[in-house]
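Chain nomenclature is as follows: A, B, C, D and E, assigned in order of appearance, with residue numbering initiated at 1 for each chain independently.
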């Protein structure tokens, strides 16, 4: 596949409506949502921009982590006393009331750590949308990144500048993280 | 020989202290210290409350002059059946011995949280605030008992019912292919007690001297309401001696 | 400083008179994101000789008072502290509980207010979360300092060793270890997640070593929709999950005492009592920190307003009342129960040689807050709030002091009653941990954006005029 | 542009840091190694030869069958046999023994299998239970001067104890069996 | 002697350095301790097995039997000898810490010559040179004097023979414990009442009522372990089928002994004899045949002087007349007064009237004559020293510079003695004033025997034998004295064997036909004693005169002083760290000296616990911290004896105060020191020094 040029349309931070319109226009030009990604310094919900819902695995990873934590707790509570049985204070080897504490803490620990791991892993795993970045994003500007065939260039230019955007053609995909 | 030895030993060691006989002379305290390598801590630390005493004689005064009467209560680790010190230790450094039915303190496992000492209602535990035994000058360390671990700083210690003597007694009995005799195993305090106020033995044997004394109508245990099931039983008050 | 910046009047709604107060609190004098970024970065990079002096002094103090003394403690033994029979726990544990308590409110303020969508939280959540993390860092040292043999502390950690001997999961100390680990990790992550966009912002505007750090920490943040969605999801999981964790932590800390057989400790309400106390001390500490930040950090007068302090002051008042309720509950029940030991103990608290501690506790935690915090004017005067909140923390320290060494000293055997007074090494270590906390905070204030810019901006943008019929709806929460 | 290297990249910093690391590592490794080394014995006693000659372990270490300590042979015990052994007069190693006998001194054997201070080990029950010497001490037919078997730690003890019948396990896993 | 001991086959253990050295946890030194072997060691000794030796405790003159546990040549633990008739397997604190004396790092490690008295500097001496010094000194004939302690007896026997051989005066034998026991007075009272100057033995075990007049027999008096054993039997009922014994104590201060009394009467110091006499009169009224005429005693006046009421005395008389086996014990505090002898006589007469002589529950006389001297003899020696009649003074087993009241002038008189030869094992105060230090072995390293005077119902020759090889270059004093060749004994063991040889024919626990076997069995069983209780029953009395000593009340502003020995014994215990750390039973104070004051008195003087108070008597003054002692007469203060050393090593030096400084050298009729008559004033100094004590210092007894 030939390298496609990535375009970046930058909108001012209060131009949310214009952004939404621009997205609509791009779709009208036959650019599918998959080839567009919106980057912003402020969280806008997909609804606001009329974008399809994004999908994340973080909750599933979190729940998986919680289950792992629960199982670890079960092992520590009920498994380890059997490995080297030691009696203390006249208590049974495995006590249920105290186990609640361990269950709770380890489940929570599993949940919270795996939530973070989920965020981390998803953050550093490659994304399929158009890459590209501009520091002005963190100044609150809204960027629309998209791949477009070269023949659409004039049309694009006209439409987007008309909405008040600044267009950067062929933004370089700067390395933003360590790898 | 090995076949004859009963493998399952189910002694339940216990102690009876007759308060009517105790004169409060503190010989038991010294005997305990000499047997168990208990270091002295010196005047400053002893005065500060760091003295290491596996057993101590609590002296209370009762009454107004001239009826002021001291009462002497020897208190050591009560070897509770339901020991409050045990479950709180995070690393199983103080555990219940299934074998001897006493409370153990494993010095090398102790990390020094001092939780057990807080939780002991009898204050039977002593902490090694410094390397007291390490400071014993040559050649005074020659008398240290090789059968008892010398504790270093940062660990808790307490009365063990002279478990090294219990083991020696059991070992000897086993080597000779017999059961431990009543009175064969005595801790240092009971051995020294000039008034013979301390009786030690196997509570599971109904005929042992200690069992007979423990059945006395004069018997009580310390802080009975706490439900710690102590193995140290005190005798006090009127009544016939010995049950 | 803030006055130099003009509001973007043309695009944003001009507040009407009757809403002005509310809007100021919600920072309804919005400024462009670029401006906010600049202000925050400015505060991070702006260092004065005074700052470096403070850092230098604190570093020296941490090295000597805390690390040096700890080294000395390890090499000589716990005996250099004032602990003795029967006060086996002293300042070490008092300070531990104190820091864990402090670390509560950071998360409490941030998570609870986030869950309840309390808008005024936005500018200071970061400051509060940082307090949690550093408070925990300072607090988590104490169980280690306290150990008689700290070099084998890892025996408490559950790991399979050659002996198949695991920690005792029936010991409250192991619960403590797990709870604090959980809390420390999760509160650090909870600090980190909302920080991502701000780190990216900082990454874009810095060069050199700062850029390297931010680039590494920002995890390649670009601000895509997917990233935002992920972040929102993760933050909401955290905000909901961390609250019970937070409650469990201090409950478990209280169980260190309540599980025991010590007279005066074995109380069923210790859990909530400790939590309320922790929140009281923690929210007070947030106020203290905000007042200090506002006075010392550049551009903070814009972000942190007296109204924030006012709102938090109300919280403190509520928690002071709640604390008083729990204190009375604990006291009355123990007293009425009539156990000799406990009664002797309670009268010892109130009449013993250290009774002044008990009275100061009541004065600082109840009397002073109740006398001052009902007054809006006082609540909005930063220095008054500084004094009051500092006193509350002193009072809470005294509360823990009363509960730990003073209670341990009077137990069931009068022959072994004892008094405890801290010795220099303990005081030095306690001050050292305070210095550590301050040092970490000082350093962090120049490394981490102390204001969550994107959240502030999000709040401000959410307040862009929304017409619902003929009225103007000012808050997002009402909008939802 | 020729920017000056940041300080942490300068060669001398790196070399110094590397050296410090190596010294610390060397110290640690050396320290551990030294504690694991088999000590020097006054006489290079060839266990392999004696065991090969059919002398039972308990002849020289008789304590193992009746007490906690196996014991190290006295000069008399060595001399009891060696005064009749012709080689005693010729071997330079055995001349040391002769010297000890003449001076009427004991041989300062260095015990090799030493448990830490807080471990109380008793040979007798182990011998009585039929544990062979080589189970713990290794095959002495292959060893000349006694060598400490590494890692005689608690896990090692328990490995064997846990293989015992269940009814013995209570006693064999009891902390006070070894620690008091 | 050294030839004899080589058979013992011990070698000092230096390499292993005990468990303490093996503590470092890791490192070559810890894991591979080089064990220096004990050549010719019996094999069992090298196999981690303990070896047990029977010997005799040398910590006090009571002569309890010890079983010393030794391990690889080290003495580990003192245990009581269960066969020994004195202690029957029991021991007191002092005996238990004997090993801390043996291994005390401050011991004198070899013979030496002190450059100047009172100075630390000692030049080491060769034993041969030292023996020459002794030989030459013994040539001095009657200008030689011996000052011995109360133990061990074989040295006393040897020196007595030696003194006779060289024409020197008989050795003086005295010690602080004897002084506090009131030994001379007791023996003299026995002589007057029963016709023989011997020490009495009270059979507590058989008695059902004991009235003690100031006898602290559970703590230090005569033979505390034996008496505690007896007390234990006395308190039991099952053993004898009688009811539990009832114990009444009359003493100004509630000592350890009075502490367990069922009734305690804080009688004024010095009034014990009066109380006994009044009790006698009341008993005579109840039909007792009192051997002395007590009819002249005014019971009311006596009761008042003693601080009792008539009703109380009547109550005592009722109890005594109803008891089957009443015992009346005259203790140290009752004897230490100007009228002490009369008091002792009165109290012994009560026993006589009770008819409890020579039978269970009664009074026996010890077999041997009390061979300790009275303070009068000591004073005579001091006079001789002062006037230059003593050229050489041998001191063994006693520390007179510390133990005797300085007012007696012993230390000053010492300066007129040309050479002082000390056999002390420890650098005590007297050794510091000596010219030659010829250290004896400590009791656990030496041979010897001790005749038990007052702790058993039978005569006992308690055997002492070395349990370890001497640690240092010390030498048995008996060997040193015998080296002069003036007596027909080859060495110490030879002497002891000859001394015990007559016992072969007397039967007893050790059966043998010739001395070698007898000797071996004698050592093995820890001594010789008859199998059956065998003590002389006292004979009928001669006519006794009833002297009622007048007890003087303490004048306003002055207090009676009670001085009593504690577990420190005669002071030699002060260098045993564990004795120092063993809490005093009554006060739980450790490591220091205190002044016991009744709280009411203390309040009147404005004294709190731990306030330092200056105690001043006509003889001297000391300072010590106040201990508010609730069970002491308000007009009396008490200071324990044993601390206040200026020498004796690191644990003893500069610790506490020595109440001997307060005692005036007033003697009573029997030649005992009337230390009970000392009157003192108290002056608060305004300083405080917290006493180290085990009991709570926080708010238990009022003070926070």
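In this section, contacts are C-beta pairs under 8 Å (C-beta built on N, C-alpha and C of every residue); 3 or more make two chains touch, one makes a residue touch a chain.
Given the structure is predicted, the values throughout are model-derived calculations rather than measurements.
Peer 1: Where centres are the averaged C-alpha coordinates, which chain has the largest centre distance to chain D?
Peer 2: So the chain farthest away from chain D turns out to be A.
Peer 1: Taking each chain's centre as the mean of its CA atoms, which one is farthest from the centre of chain C?
Peer 2: Of all the other chains, the one whose centre lies farthest from chain C is E.
Peer 1: Measuring from the mean of all protein Cα atoms shown, which chain centre lies nearest?
Peer 2: B
Peer 1: Tell me which has more C-beta contacts between its two chains, B-C or B-D.
Peer 2: B-C
Peer 1: Could you grab the centroid distance between chain B and chain E? Build each centroid from C-alpha atoms only and quote it in angstrom.
Peer 2: 30
Peer 1: For chain C versus chain D, what separation do you get between their C-alpha means, in angstrom?
Peer 2: Centre-to-centre distance between chain C and chain D: 54 Å.
Peer 1: Quick check: how many Å separate the C-alpha centres of chain A and chain E?
Peer 2: Centre separation, chain A to chain E: 89 Å.
Peer 1: For chain D versus chain E, what separation do you get between their C-alpha means, in angstrom?
Peer 2: 51
Peer 1: Chain C: which residues touch two or more other chains?
Peer 2: 163-165, 168, 170, 414-416, 418
Peer 1: Send over the residues of chain B in touch with two or more other chains.
Peer 2: 48, 51, 58-59, 84, 87, 89, 92, 95, 98, 109, 150
Peer 1: Hey, what residues on chain E touch two or more of the other chains?
Peer 2: 19, 23, 25, 48, 695
Peer 1: For chain C, which residues count as touching chain E in their complex?
Peer 2: Contact set of chain C toward chain E: 348, 352-353, 409-410, 414-419.
Peer 1: Touching chain C in the complex: which residues of chain E?
Peer 2: By the definition above, chain E touches chain C via 695-700, 704.
Peer 1: Can you name the residues of chain C that touch chain D in the complex?
Peer 2: These residues of chain C touch chain D: 161-164, 209.
Peer 1: Quick one: which bits of chain C touch chain A in the complex? Just the residue numbers, please.
Peer 2: So the residues of chain C touching chain A come out as 11, 32-34, 37, 158, 163-166, 168-170, 175, 178-179, 181-182, 185-186, 189-190, 192-193, 197, 200-201, 203-205, 215-216, 218-234, 237-238, 241-242, 244-245, 248, 252, 454, 457-458, 461, 464.
Peer 1: For the complex, give me every residue of chain B touching chain A.
Peer 2: 81-87, 89, 92, 94-96, 98, 229
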